[in-house]
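Pasting the structures here.
Paired with chain B in one complex and with chain C in the other, chain A is shared by the two complexes that follow.
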Partner chain A sequence: MMPALLAPPSTFTGTAEAITLLVLLSEFAMLRAPLSRSQIRLYAFQSLVVSGLAFYVAADRHIGDLYAVGTFSFLLKVIVVPAVILRLLKDAPEDLAGSHRLGVASMVLIAIAISVFGLFVVASLPIASILLPKAELGLATAAILVSFLLVIMRSDVVSQAVGFFSLENGVSVASLAIASGLSLVAEVAFFFDLLVAVVVLGVLMRLHHGRARTLSTNEMDRLRG
Partner chain B sequence: MEWILTAILVVPFAVSVLSWWVPRRVAEALTLGSGVATFVLAWTLVGSTKPVNALGGWLRTDALSTVFLVAVAFLYALTAIFAIGYLRRSGDPSEDRRYSRRYYAGLNLFCWAMAVAPLVDNLALLWVAIEITTVVSALLVAIDDTEGATEAAWKYVIIASLGLGIALFATIIMYSAGTAALGNGYNFTYPVLLSAAAHLPSSVVRLADLLAVLGFGTKMGLFPVHTWLPDAHSEAPTPVSALLSGALLAVSFYAILRFFQITERALGPAFPRNVLLAFGLASLALAALYVIIQRDLKRLLAYSSVEHMGILAIGMSFSAVLAVVGVLLHVLAHAAAKGTAFFGAGSVLRKLRTKDMARIRGVIDVLPWTGPMLVLAVLALSAMPPFGIFRSEFLIVAGGLSSGSDWEAAILVGLVTLAFLGLSWYATRSMMTPVLDPSSLQGSAATRPAPPTRGETSWWMVSSMVLGLIALAILGIHPPEDLAHLLYRAALELGARR
Partner chain C sequence: MAADQLSPVVIQVLQDLTILFFAPLISGIVARIEARFQGRRGPRILQPYYDIAKLFRKETLVPEDSSWVYLAAPVVAFTCYLIVPLLIPVLTSYPLPLGYMGDILGGAFVLSLAGFSVSVAAAETDGPYAQLGSSRAMTFGALIEPALLFVTFTVALITTTDLPYFEAAAARASLSQVVRPAHLLAVVAFFLVVLSDTGRIPVETHSSTLELGMIDEARTLEYSGPPLALLKWGAAMKQLILYVILINVFTAPWGLAGSRSTGSVILAIPIFLAKAVGVGTLFAIIDNSFSKLRLFKLTEFMAAAFLVAGLAVLALYLGGG
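Our next item is the complex of A and B:
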């Protein structure tokens, strides 16, 4: 009989892991994307993947609440948030090619290192993943860590906002993996909260752009000490 | 009693919505009424010896949550009084109207979210309430639409949101820990988690606690994730600075204490106490050094907040009930003291048009009420008797010594003394030094600055400071008996040893 570790994954496990890997890869793509608009489209794609994962798990495991989570996620993160941010950027035609604090290759290497760290740390923890394979949580943790890198290593307001939104996507995947029973009320509250955060970040982006005529955060150096 | 929780949930929110539509004078009156009503309602809960539930268990107060609710509600009421004087400014009436409606709607919503956080009986909803405080307060920080305010608001919202992202991850991991004992789809409330705490997987709870301290600690202003705090506190309008410092940091501490409570039951006291001790010592050391080099009055008070948050964290690392009672008293006293000090700083700013302590002179002369009260508030923050912070720090140190944490208590006393010297020296020097005689300055009479006229900017602003100092004196000299019992019950809920 084949040992459990060497057994091939089930179709459900393999598909779910492949979908989650797309979440992590889109995070890498956002990290290196030179244009703000392409970053936002990548965020919409990543959100689409997260919504798809929720629908897939809902259908395979017959969990009605996850359909609602997937629908909210699709409407809000795939349609509303990108549309709001793109609209806010209407008057800001500049690209963000110069906003990397390090070279793209160096950033990607750091991202790979912290992703591996995230995967190994999670693998060593005795966390029970009820619906999804445990690798999901590791991939979600890696995506969360890379989203931090995105905020830290890009010096423009769009990347930093997108980094925060994609952090929320990583946490959503983690939530699907280990906290699928969290009540629908709490999930809806998370989404509502994200919507408010988008509006606030959007207002602040506009204020900054209106005042500094740039999306770069390099101008924000007045307050120190 | 259930209706009290529902009323606190409804009234500030309704006032926030109404404030957007009604004239400024009506918004002022509504905000004042809401602040006072919320405090009276919160105070009614102080005498309750049993938990109060409402809305089918979604809302619940025990002794611990009531302490934080009272702190938030008290500062809400004081800020509502102060704001009336602070916002009555001359200028374009239509601009004033736009500003005041955004201000009052935001202020009430901010206070509503801070009051709701201790009311909800669910770790996930607690996170949601605290995240709402972030987004609303970020807009309030930016409301003056200056370069500094925009920069401070951006840094605040990004750093705090990332911190809260970590806190959300901690919340999910804690839920997962509960799944191991309670199965999937359980009720994520404090009593349920506490009752199952002994069966939770220890390494998962350990990770959740660590991430929660790091995540919520970002909003509480713990080192090394405190960097948004001095900027936001110094650039926000003064009433918002007071709320950020006196209430918001406390609410974030409350979230940490909820994780602490569960972790302490699951793993025993050593791990959660050591985590808080490490963050607390680092925060206190940093703040004690930064207080000495500050030249901006509001930044000085902001670093003093980091110092006090460090004291709270260190106090929780002592297991004696005396120390934990001191910590909870410190939450209340710090709310009153920091609110009063920021109100004083706001009055100085209105009168002298500067926050630069090198240029602030003779405050006692030009603001005959505010000046002395600001000095008293700063001395109260520096733990001078007879005010509440003296009593609370005394209890914390005594509790530390009685629980055998002699070195930690000694370091605490040393760093607090250093911060005391910096805070009292720089702040009181600015207040006491006489105003320069303009004729002694170089240059012609036309180019010399006009000396500030003697007199208060607004009696509303003075009243809020008087009330803050009275509360501080009561907390220091003889706290009400019901309140003392409440603090004791809350300390026992946190696992303190008799």
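Our next item is the complex of A and C:
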């Protein structure tokens, strides 16, 4: 006799969750990325997924503002920011392989642990999204925590900058989850932050590479006048 | 019972025979396709049968210090590979009498017993490469097991049982069960487990003759004659069994016989073989498209499989996904 099956989620819930899982998985992939080019491509992919989520929610829930959010997100984070960073790093070496402070497998296990922590903590909070599935906010929080780990555990300026940018992607998903109606207001503020961050971190990357001839932050151990 | 109805026992035996006799054929077809990808003509499709037949005619040489375990291991492993098809949906969509004997974990234990017996036998030979392969196989087997366990947990959470027949029935029940995030993640995780277990990727070239890169193949280097034939045949069966679980439990449990009529059961055989060739071709493409990892990078692959399987459980536990 066939046992009772766990009811599948609705198409909207399943698709939204699958898209957000892709955001989290791409964050994990950034922990491993061996080249600056692959790190930036992963960020572009993650941003594309976030834009896709905005368009999907906009289409399914009929929220016009989210089309604007998705379009801004696509233009800025999928095209402009990766292109600017790649241009800034044109002369820099691509190899980031030695920048892991721990082995990749150990970093992934730590990242799984903090993701589980984030998911359970958010699940215990009395916050529920009106439009998006219950797990969205938890997954976004997990992505934010893993991006912190990326910044801490990779000792190269590219990963640290991309970690900061991808943190903004996690915040974007969180804002979609808890304030879909206010997303445009929230996102404009985030985009502004992101633009400032790109300029500041871009200049820092360029300056660091120009002075130390490396992208490794391990060389940043002396104050110079 | 109608004249054209097969008894469940006959169907169960037919499942075993399908795996037993067609496993070398699938290996031969996949090897041929792989050779074509590499721009070679490749061996004959029936070459694995000729190899096995040739080995059965050869004499058996046993290393001096080996005990009875050395000769028993291939038989134990081969028997294990005959037991697993009794537990999984090879030809029918409905559970057969012995299908309740073990769940996915039970099947995994039987497969592990086969691997363990070969590893023990390899470890007691004096061959350094066999011992190296034995050590590697046990280490990496232990590393990939957490991913397999979490795939089983996912199945258990969805179906409230972990019998493979019911997971396949869940996938057939509706498209929304197939595309639910947890199911997709479990499929990806199991796919990675199969990639690893069939020696396709990440470090071993299954057809390689370079001993230092070997894992599973190195364990059989000291064998000869009929025991080696059993091991080669068993390796082909293990590959097909893993394909069965991937296809008929997780990804495409369609085309199976829904009744006991002779026609539908017999028709299920070519359909299953076509699906197995499809999956084998996919593995061959992946094998030939990616460079091999260095041995110490293998943990990254295992961590990725564990991550995906873990997320599948979390998606179900926290979001109902």
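Here are a few things to note about the model shown:
Definition applied: the second predicted complex is superposed on the first by the 211 of 225 C-alpha atoms of A that agree within 3 Å, B and C clash if a C-alpha of one lies under 4 Å from a C-alpha of the other, contacts with A are read in each partner's own complex, and residues count from 1 in each chain.
Definition applied: contacts are C-beta pairs under 8 Å (C-beta built on N, C-alpha and C of every residue); 3 or more make two chains touch, one makes a residue touch a chain.
Quick caveat, the model's predicted, so the values are computed rather than measured.
Taken together in the superposed arrangement on chain A, chain B and chain C fit without clashing. With both structures placed on the common chain, the touch criterion links A:V200 to chain B but leaves chain C unconnected.
Residue contacts after overlaying the shared chain place A:V116 against chain C, while chain B stays out of touching range. In the superposed pair of complexes, A:T217 makes contact with chain B only, with no contact to chain C.
In the superposition on chain A, contact of A:L53 is made with neither chain B nor chain C. In the superposed model, A:I85 lies in contact with neither chain B nor chain C. Between chain B and chain C, B touches the greater number of residues of chain A.
Using the contact criterion defined above for the overlaid structures, shared-chain residue A:G138 touches chain C, although it does not reach chain B. When both complexes are overlaid on chain A, the residue A:L150 reaches neither chain B nor chain C.
By the document's definition of touching, of the two partners only chain C reaches A:L24; chain B does not. In the superposition on chain A, contact of A:G103 is made with chain C only, not with chain B. Seen from the CA centre of chain A, chain B and chain C lie at an angle of 150° in the overlaid model, rounded to the nearest 10.
After superposing the two complexes on chain A, the closest approach between C-alpha atoms of chain B and chain C comes to 18 Å.
Of all residues in chain B, those touching chain A in their complex are 122, 124-125, 128, 131-132, 134-136, 138-139, 142, 145, 147-148, 150-155, 157-158, 161-162, 165, 168-169, 172-173, 175-176, 179-180, 184-186, 188, 201, 203-204, 207, 230-231, 234-235, 290, 293-294, 299. By the touch rule above, chain A contacts chain B in their complex via residues 125-128, 130, 144, 147-148, 151, 157, 160-161, 164, 167-168, 171, 174-175, 178-183, 185-186, 189-190, 192-193, 196-197, 199-201, 203-204, 207-208, 211-212, 217, 220, 222-223, 225.
Considering their complex, residues 2-11, 13-14, 17-18, 21, 24-25, 28, 32, 103-105, 108-109, 111-112, 115-116, 119-120, 123, 133-136, 138 of chain A touch chain C.
On the side of chain C, the complex with chain A involves touching residues 157-161, 166, 169-170, 173-174, 176-177, 179-181, 184-185, 297, 299-300, 302-304, 306-308, 310-311, 314-316, 318-321.
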